[in-house]
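Lettered A, B, C and D in written order, each chain numbered from 1.
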């Protein structure tokens, strides 16, 4: 169930600066490591904000040179961090080719490429992927527990969701082909892929309105598609809710203590005595 | 509860090539049958992709002759498969008039018709129905279990969903008539069917925006319709989730112990005695 | 919990034609009453269809005189039914002023008014309310059980839903006032009521697109409103689902038989023997 | 869990007019206090209605002077109420800087400011915040119980909802940056913040249609975003429903029997012995 493997990395040498930096980077319970995490999170958020704001034409014209300097500051900082990570882990290549390692690289690579390759300006947008790095850092904090329950429920219902997605795609193709024949290119249903795009937009109740049916039959089929689509789109909510409720219920029921006298099980987590015979229960295990 | 009856077909002769092809087509646990299924799934997906891509005007102009050849290749392959299916089953007519038989026929018929009848080009779109055939093949794989739970919940809540749909249609008619009177043809509410189309689009929160209220009263009624509609549209999600949660719960609780005396199954997890004949049950296995 | 009181009406005379017609109208288990219901349902559906189709300008021009005749046929039929209902019930006035009595009257009144008052054409649309009468007839059939569960859950969560609606209206007013100040009349936010209409349309994820924010601040607030709105709109689904699941669970658990030997309760509805001590259980009551 | 602390205020003097007015303002079970609450609720609703209606240009022109007078009437009434509240509570400053105190002040301040500062007309809209004051008054009534369950479930799922919101923002930033590069300013995706606004509007299925994709790749990504977004937006409904169902279940199961020895409450419905001290419990009441 582990989508991203935790960096179980040991430093090359047990002592010295590698050991110290490994602890700063990978632990979360010492003051230096907390300061490091905090610095990194703020740097990431600030750098993403700069990328976003820099895309606004009016602001770009006025502040371009400032943003250029700031951006290189962030790039050098993240480069230093990346090199440091490579140095302190036992198997640097394994880190470099892990998901997080690639994301770390993508966070700095665009700046260097656009420096050497003049036309690669549009690549700079890749830098917003830096945002994903915030999740790695937050992952080590107290939110992991909640995230675990949410992810577990998602994982448990993966096949149902896949089945649901293939149903949606099938309906989109059939409805799209139908509307392509009925409405035709005159009303924007230019071809089947475009009609499928319309069908997905309609079924998911987004309804941009850039393409709309104009014929009576087309409108009738649209109404039917909406109602069918709505019923089907209730499915993932249903799947997920049911799975989540089950997961939460099971977590809550974790008490497995049995009464030594009557063997009754299923006590409340806080119970001290068996609720059937009144005998004392064993102490609950620490969670 | 079986929406599509499984093809329980026996070959005319117990041995020979019919027997071999029946196994290839209808079994899933031998290497040849797996290869057959895989070939078919890929052929179907490829042919649907060709239909879709061919509808794009730009691509059609450039590749029309290629697509023509490829399409006839698929048609001949599916025709061969259709004939083979007819030959190996015990009752060919029953297969031919079953849902799957008709879908198989619709997968190949449009190509032949458009070959003989010049004006029947728009019929070619029917070929996207081939996609449904993928479901038959996948049906025999491991997804059937998940699909079963989803379908069972859907089937159990069919009456509630029907009731809900008739409620939606009623509200759409009344709201549509109301808006037709209030807004009138000047703002696109040309007649009651059009207004009903608008009401469905609005209630289901699609909101294309091709028809919108302009008068104050119309906007007020729209707001009310949205809120009422939203509350009502929460119903199918609720129905489905509750039913699904129940189905999943029951499945999980299904104790697999059978009574040694009367063979009754489906006891509660905590039961010590068979609830039909009263005989002692075997100890439950540790989960 | 009874939203519409069932017509518990006794005929004035115990025998004769009144008795016979009362049975035909109010019972559902005799062949004549079933034929009566069926006739009525089809007449209602046909008359509503005529009203709908007649509103289409093109069809109206061509078929106006035919529809006029057909419509008067339906009006006379429903008038006869209305008079009959008044005659056979013990307290005609009470029926006349009940919800169903008023709906029955509204089904026929517009035709007569438009006959005498020339300008009352738009009143004719009121005739679509006839559709509601179908529910009375269906109410007496097997769907009542499903409807009961749905209604019970709705009724149980009425206060939560009211609270939710007042939250939505409050947010709509505040967000509407905010957008009115930020965007102003230039971009369609002409006044607070219009802005409120926009806020409801946006929050409920309808999003017509007739009024959209154009300023950066307006777009930011819109994004926030959508996310807040979405979280809040998850509430009625949650309320309803939880209530429905509870209602369905409770219905399923209705078995209240206790074992006469060990007193254990909570057996399955189909259990014949106590699952704790194996003693025979009393017969379950008929539901 | 208390979002708004209840006004636990004692009057400066135990007797006299302060005591009487404190009771009128803060109690709900005496006839004068009920009349006071009712008067206030109606005054608030009326004053908000005036603000709303006054924003309609056509009405403003015709009724401006009347609204001016009425508005000052409300302002004076609410000012009197505000002063009264300050006078009767033991710690006026604490009230003045509480959430409710600030809302009470905001309800009257705009009128006075716009009287002295000519250009502050747009500030008058702040007066719709008066509406929030209705909740304080209703808070003291029977709806508090329902509100409590809803709020408790919301509070319990706060971390999951926060996690969900950060997921939505992350996806919006990445999808926004992607669409900015693919579609570009030519089709309205002028910059990343605008693209993010589009991504939120699309993911939440609002779909205004003011900005829509035009390229094939853009439409493909939009379809993917909608499906991913829809699956993710099912999460808060799932979280909330599961939490609400759990909360409602727990409330319903709360056995009201207290242990006669240790006073512990909240036993399971089927418990025979106190699960804290092991003493026998009284027999449960019949439900």
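Keep in mind that, in the parts below, contacts are C-beta pairs under 8 Å (C-beta built on N, C-alpha and C of every residue); 3 or more make two chains touch, one makes a residue touch a chain.
Per UniProt, the chains are A, B, C, D = Ion transporter.
All of these numbers come straight from a predicted model, not from anything done at the bench.
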Task: Contact-richer chain pair (by C-beta pairs counted) among A-D and C-D - done: A-D
TODO: Name the pair in B-D, A-B or A-C that forms the same interface as B-C; by residue number, over half of the contact pairs must coincide.
DONE: A-B
Task: Furthest chain, CA centroid comparison against chain B - done: D
Open item on the list: Nearest whole angstrom, what separates the Cα centre of chain C from the Cα centre of chain D?
Closed with: 30
TODO: Note the residues in chain A that touch 2 or more other chains, in rising order.
DONE: 193, 196, 205-209, 237, 241, 243, 245
Task: In the complex with chain A, residue positions of chain D that touch it - done: 159-160, 162-164, 170, 173-174, 177-178, 180-181, 185, 190-193, 196, 202, 205-209, 212, 216, 219-220, 222-223, 226-227, 230-231, 234-235, 237-239, 241-243, 245-246, 267-268, 270-280
Open item on the list: Under the stated contact criterion, what part of chain D meets chain C in this complex?
Closed with: 48, 51-53, 55-57, 122, 125, 128-129, 131-132, 135, 143, 146-147, 149-150, 153, 161, 165, 168, 193-194, 196-197, 200-201, 204-210, 233, 236-237, 240-241, 244-245, 248-249, 252
Open item on the list: So in the complex, the part of chain A that touches chain C is made up of which residues?
Closed with: 205-209, 237, 241
